[in-house]
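In structure tokens below, several structures.
Here chain A shows up in two complexes: once beside chain B, once beside chain C.
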Partner chain A sequence: MSAGGRFRFVGVRVGRKDGVLKATGRATYAYDVWLPGMLYGRILKSPYAHAEVRVDATEAERLGAVVLTPRDVPDVLFNPRLVSVEEDTFKDWRVLTEHPRYVGEPVAAVAAASEEAAQRALEAIKLEPVRVYKPLLDPFEATRPGSPAIHERIMRGGAWVNVEDNVACTLEYSEGDVDRALSEADVVVERRFHTNRRYHLQPEPKVAVSRPDPDGGVTVWTTTQTIHNTKILISQVFGIPQSKVRVKKVFLGGGFGSSIHTNLVTLVAVALSRKARRPVKIALTREEDMMHDHVSFEMYLRIRAGARRNGRLSGAEFENVMDVGAHQIQPYPLLGTALGWFVSLYKWRAIRYFGRAVYTNKVPSCALRGYGNPQVTWAVETVVDELAEELGVDPVEFRLKNYVGKGDLFWGQGPTVKSIIRSDGVPELMRRGAELIGWRNRPRPGEQTGRYRRGIGVARGFHTSGAGGPLSGSVIDYSGAFLKVNEDGSVDYVTALQDHGGGTLDAHAKIIAEELCIPLEKVNVVWSDSSTTVYDVCTHASRGVYVGGEAARRAAREVKRKILEYAVRILNVAVGPEALRVRYDEELGDAVIYVEGSDAQTTLSEVARTAWQRNWGSISASVSFRATAAPPSFTAYFVEVEVDTETGRVRPVRVVAGADIGKVINPELAEGQVQGGFVMGWGWAVLEDTPYNPETGALENMGFITDYKAPTAGDIPPIEDFRVIFADTYEPTGPFGAKGIGEAASNPVAAAVANAIYDAIGIRFYELPITPERILRALRERERASGENPPRRRGVA
Partner chain B sequence: MTEPRVIRFRLNGEWVQLGVAPNELLINVLRERLHLTGTKYWCGIGECGGCTVLLDGEPVLSCLTLAVDVDGREITTIEGLATGEDDLTPLQRAFIEEGAIQCGFCTPGFILTAQALLRENPNPTEEEIREYVRGNLCRCTGYVNIVRAIKRAASEAAKSRRPGPAAGAASG
Partner chain C sequence: MNRFNTHIIPVEFEYHEPRTIREALELLARWGEDAKILAGGTDLLVQMKMRRVEPKCVINIKRIPELDYIREGPAGVRIGAATRLRRLERSGAIKRLFPALHRAIGWMASVQVRNMATIGGNLCNASPAADTAPPLMVYGARVKLASVSGERTLPLEDFFTGPGQTAMRPGEMLTEIWIPRQPEGTGSAFIKVARTAMDLAKVNVAVALTLKGWSAFNVRIALGSVAPTPMRAREAEAALEGRPPTEGLLRRVGDIASEEIRPITDVRSTAEYRREVTKVIVADALRKALGMVRVGGGVG
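On to the complex of A and B.
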């Protein structure tokens, strides 16, 4: 089905369009924005995990700084993430507050001529604690009756709701008779899992520059994955019409989910600049970014799943308690997607789900590459591995027998976003991956004895391509594109979509070039802002290529239709636009428009020039597009690790990373996403965490990257031992057959690594990260318990 | 406040002169005062390599370097290597073509570090490359294509039998 060979640009390797800007240091990120007369802002963060405070800023004002206290900001409750429909949006945030609920919550802010002066003013502000509460750091403690209330009441959409026992929101669901399914199952496995609380460590710390404009509006440059939702939130909080809020698109130094919501710096910068009547820049330091700004959702999962001797799953119970921190960045839809990830991995046949999001006095959690998917996949892929072992069947075959694939109903993004799977490369990826890694000859758990023990693990996963579907659902998901043909036949493509670096906009440019049969250099991607672009929800949910790319393709098609209409006038022989053909002429570097079986032909540049010279008018198209599906991109990873039983250190030895992303539009960039996804997943599996001090409620790691332990170039396997393979599939609903990639790339990594560690040393871990300390402790415990375990029997490969 | 001191140094081939405070960091002078924003801030305390510049050809972290210490010396920032498409160095080209650039925030630091590596060791093994760039963080690429790009630039340089490594690092 794949039309592979016929494409000119799609699927072809070319250096990325913004490569020169980035390689020469000329790309402008929000951190680089400087405006004349600009002041520097600093934010006063709460040192208390939960307190009521009084702010005395007299001294700071005396120093000449512009000071912002909670009384100076609009008294509006909001949720910084605007991806859900209003009635499913929970609001408990304020721009500044005298009732901080986590260490680092913004209480006041200052602006001055230099960062140093601002810092001095900041230090002059007095915070007087009126009441200090005991910090609640554990969700199970937080829900115990009698624990201090973190929020008394919050808003859901436009209505007030009371918060009971610090429960932020809940979701329950069931299908089929689970109790019966489990009682009739031949094997049942029940496990509890606890994930780490990861930090994005996106390269660019959060930053915002806001300039008040003479028309009463503001222009904003900030780290965001969505310029339009940032515009809307600023408008809602400050009561400025959206037409007067201009959010500029700038390069983003990594997002990974940490800027799907509008970062608080943005709102504080807007407030400060409006008060100062001058541009204000607030740039977080790394310490602030890490200690106070954003982390992933920490989850406590319980799975009880059963299978029959015939190798089929029969039912599962799934419980998900999420520690969301002190405010909601929409855990409610995550309760739905967590269920979606769960049910869309395997055909459980009967399920019961209980999801609960709980407030604690910690940094608010937000999406982190996968939106809960890596956490759920790790738990599911561990349980599935164990079930296969109990049944004595090969884990690869067991997965293939039970996974949700082609023709099945799919609702990865939660119960309100459903569609049927039309492309599926899982069997190909599993078989080729198994072959390449040497799955059949892998060691058996516990059979090795030396200091260094190797093991091979497998895990599969998926991510949706966007959050579209045939019904509107509770997730907002549509995109826009504006395309115009210049008077010389080159085109300008205007989109609100952000490219975090994954190559989304390169893919769009290729799609447009392909559709119009023009060279890639003639497609200019315009650096735009929220007032000159059609609405796009956000670059998240791996939707950039699938949804945004399709919007671009539709705009190109529309433009092409108009081009052909004009060409008919020029050629004067064709009966109508349908009679015309278009081909790319490499020598001319142009689209040639011709009539089959005749000499009549013209070029796109000729059409464009003529339309201009004869006053026919511009050729352009504006498209707003909603996808009616969110097809899964599948990934299947085989990982070989080596465990040093003396130090507990784990090292990746070989990786075969398989991805089914439909037609691959940007091969080298897609490969890069897979490699990057693996390494990020590796960090989550064995290195990264953000533990809190139980007494103070502050982060133990004082904002040092070194303590956070992100992977370096020393942590990856040799290049030739890192294989990336793509399945040969074609997604009929995607632009040129494409699906997304960003998140699928990292979702199954932790699971594959954990399964490989089990294969190497015969011990399963139910808590992430699997650090050297945990490994050593587990090895010691096992030794103490029984001497060396006798090697266990396991499924035949 | 302490007295500013006037320093003079060669920046990307041209002499600049300015008054700096004794505690002023090179990264701030470059970014805030000279608006050379290609030098990136990730951490400010020597943990990421994003702010790497070349000081007399040697890679240094500009967030840990006092501006007064570069007085009379030569600094190369990413802006000094090339101005655009047609004068890219082989390393820059390899980074672009090998997919070693995603968000690009680590790219200037990596390219300058790699340039210093190839000057010291024109034919590094993969192991030596990883070891040398260990102090540079990248959160997007997983390093694979970065190592590949550096390898490629090295082998291309070897093929063309150029005397020095890449253009642009020439110290005066």
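On to the complex of A and C.
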């Protein structure tokens, strides 16, 4: 910060550091990595939803391919996502398996000189079914006694556990006397919700390049949100010391949770390259990316909530059954965070929670921008809207009266991650948003006639900034940074933290420039790897700026302290480092170090040069940082929609999106996150799903994005009808007051859209997505049931 | 399922880039059914990657200048089969004379795809959802098919014989689309219902009619994605033919069209929804076409 408390870089619009690289196509993504002697790999996917198979690769080997079968991979069970502590990590995956449990599960792999040759070899592999089971595609059917067991036993930490009735894991929790609270409530609403099962559709499909090294280790370039956890998992599965596993950082074409874990393609590439003794690249096709890798968590939620006439919530029951697919990618911590999302939205006062994750023979679920938060927020914000209506109070005021805000205990990331809220822009966002959208004059359900009906919906939400807290808890969350000053006063910043493309590392560079009072151009972000960086858990939980940025700031502060110590030697009139001030000099393009009320001054470059010339030594700092809070970034959406009651089509007309992310470091990029969050949320609300064929258990669309539609620019309101507002807040625990944004930007969108549709046509939908087909059917049913006069409120499950 | 992908072409094939129609037809005659014509590749390459077709020979006709043109004449407009969609979208003649076709093309895929895809390719792919088909059908377009032994023309509506199937014989190639000028007082419109702004149709419809006095004549209604081929709704047309297009009648025409179609349930939509929405968009398209006549815009 410069003198006078004004920021030079933080909050200022500047060009992106990686902009030219990306615009000219010179940014290196994993797919761009090419190595001498490299082979191309392809993965054989199970066509069976649940079977035991035998692999016959004779023909593929005759074609000259290197073939990898389940017998060639270590007999090790693992969970691809390392985020919980070991004793809370459930392991049920293998690199390749002769017992595939979903259509698309990797069974074998081949490597050959070209992708085409590899594909032909892949097609030559024979898969003989030894035993085929009936696919279980519904979690309630899966838990019925007599259903085939998807897993007999799995591991929790280092111990075996038996799986009963296909239940992967459970969590129960209660606080207060819920039964009494609900019996004393003046109004009680009970609703059941069923979410869709969405695909991430991150721009870059999974890629892994693995090179076996002469020291017995491997070097890996891959699509990952965490190079260190990838390193650890490769080490655990293959028994290679971590010092011999080098995971290189490359540009990542979007994450949204799709690479929050180590993708199977990475482990297969490692195994294949070790067998072939040559580098191997595997690039998933888009179809494979959807079919074998990941979708969001599909949830069946039930909420029973009560409120008193005084407008206060009195208690709630919350049930959460999650269809996690065939394997676990950390549903157990999600059982905790789903509860965390629930209790941290509103002060229910008494709660009872029942959470259960169930195996089915479907593509495994992992985090998708919000880790269950959009799902839970949709249900909660629907129930809260209905309670407000029952009580006859304004939904905005009702929310403001009951939300969890400043000074309250907050545990978004689950029962083991608690901290107190210190910054809260909710009232500002709700009041300003309501005014900008014209909330008071909004249409009311049942009020409109005619073909096109408009509605305005509101929903609010939050996401945590990271998963830190004062207690260690069961979640791993810390970051690190290494910063060194070059001999000319420029700095190199080395971090493991991955930028998904949203500009997280631009924010770090600004934070460093701000702290050191040097121009942004002098901060070089180094493309590093797992062996040259200190540990960072992952870019997830909207922690990139809040946790990683604070690590960078602390490294910069440490470097600054050393700079000032050296500066004292140059400015020998100063009594000590505390006597020195630093300011950014735009003309010099340097940090000027001076003594107040004196002419004595020097610059950072001079200090750096002198330290080199006089043999004082390098100035550097290495920091490992654990945040002791995970403050909520709040968002509030007001969305106006128009429903065509003859075709059921719904279009967004206007959006006012409010975000409290503390001090905004990158205004344009933050605004882009909010707009992108809306677009993604809009798709979840009205468009996206991955249905399965009930007979074969395969995805109906076979992974083709021609049949997995996400909104395009033509489907959202023009930018002039999309207003983004940021609350004027400052988070005392964040770097220069900042909090996260990624997930908060999309969490309440589906809820706001659903509430707007209700406002327009007077029908609530409890199943996502709310497609034109569903809207039209509901409208027709209502017409048949009651003629032209729609009832005030009606539910459609 | 391990054969499905849209990334790798595992089949090996011979590749030719003829410079004249004659050369292309000779190649076709030589290779017969083992050859596939590449006129843009936006459908063909995907099908090859998925092994839905495994040609031994691919003949790229995009290097043939005599297949890339838009020629306005007194009787109508001739379009070379390898004319890219983007060129048609930017053509003043198409926009002025055939607004329904212009609208349909502008609504197809993305600019990048329209810069590759051709009108002939869209027709020969013979998708029931082909967006260029219904407008061309309501304008009474004819297609010219050539082979080494000669040429023939036929109405576009006789061209489609089933999903992915056409009346083309082995050795034949589509070379030209001819669209007649529409009579004075004609209005036309195209409407598509899809999941997003960039998608294949759940249902698409094109209509054209000529207003004489208060009554509608030459009523043509064509629909896509509701039957094995793009289809005319002839009973619906007959119900409006020669009559004043009142609001009540337009709705009835929509209802009749909805009875004529044979939709299925697939990943894009349901048969039920397709029937419901056909009623609505047929009437919408007719209103829009009438509006065009009355305001005098887009009249051929």
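By our rule, the second predicted complex is superposed on the first by the 783 of 797 C-alpha atoms of A that agree within 3 Å, B and C clash if a C-alpha of one lies under 4 Å from a C-alpha of the other, contacts with A are read in each partner's own complex, and residues count from 1 in each chain.
The rule is simple: contacts are C-beta pairs under 8 Å (C-beta built on N, C-alpha and C of every residue); 3 or more make two chains touch, one makes a residue touch a chain.
What you are looking at is a predicted structure, and each value in this text was computed from that prediction instead of being measured.
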item	value
Which of chain B and chain C A:Gln202 touches, first, second, both or neither	first
Which of chain B and chain C A:Gly254 touches, first, second, both or neither	first
Touched partner set for A:Glu288, first chain B, second chain C, both or neither	second
Touched partner set for A:Leu44, first chain B, second chain C, both or neither	second
Partner chain(s) touched by A:Glu123 [first = chain B, second = chain C, both, neither]	second
Which partner reaches more residues of chain A (counting touched residues only), chain B or chain C	B
Which of chain B and chain C A:Asp18 touches, first, second, both or neither	first
Which of chain B and chain C A:Ala698 touches, first, second, both or neither	second
Which superposed partner A:Pro772 touches (first chain B, second chain C, both, neither)	second
Chain B versus chain C as contact partner of A:Gly714, first or second or both or neither	both
Those residues of chain A which chain B touches in one complex and chain C touches in the other	283, 285-286, 704, 706, 710-714
Touch list for chain B against partner chain A, complex	31-32, 35-45, 47-48, 50, 77-79, 81-85, 88, 92-93, 95-108, 111, 126, 129-131, 133-148, 151
Of all residues in chain A, those that touch chain B in their complex	15-16, 18-29, 31-32, 34, 201-205, 251-254, 256, 283, 285-286, 500-503, 668-669, 671-673, 675-680, 704-706, 710-714, 716, 718-719, 722
Chain A partner contacts - residues on chain C that touch it in the complex	1-10, 193, 195-200, 267-270, 272-273, 276-277, 280-281
Chain C-touching residues of chain A, taken from the complex the two chains share	44-45, 47, 103-104, 115-116, 119-120, 122-123, 125, 283, 285-288, 291, 646-649, 687, 691, 698, 700-704, 706-707, 709-715, 772-773, 776-777, 780
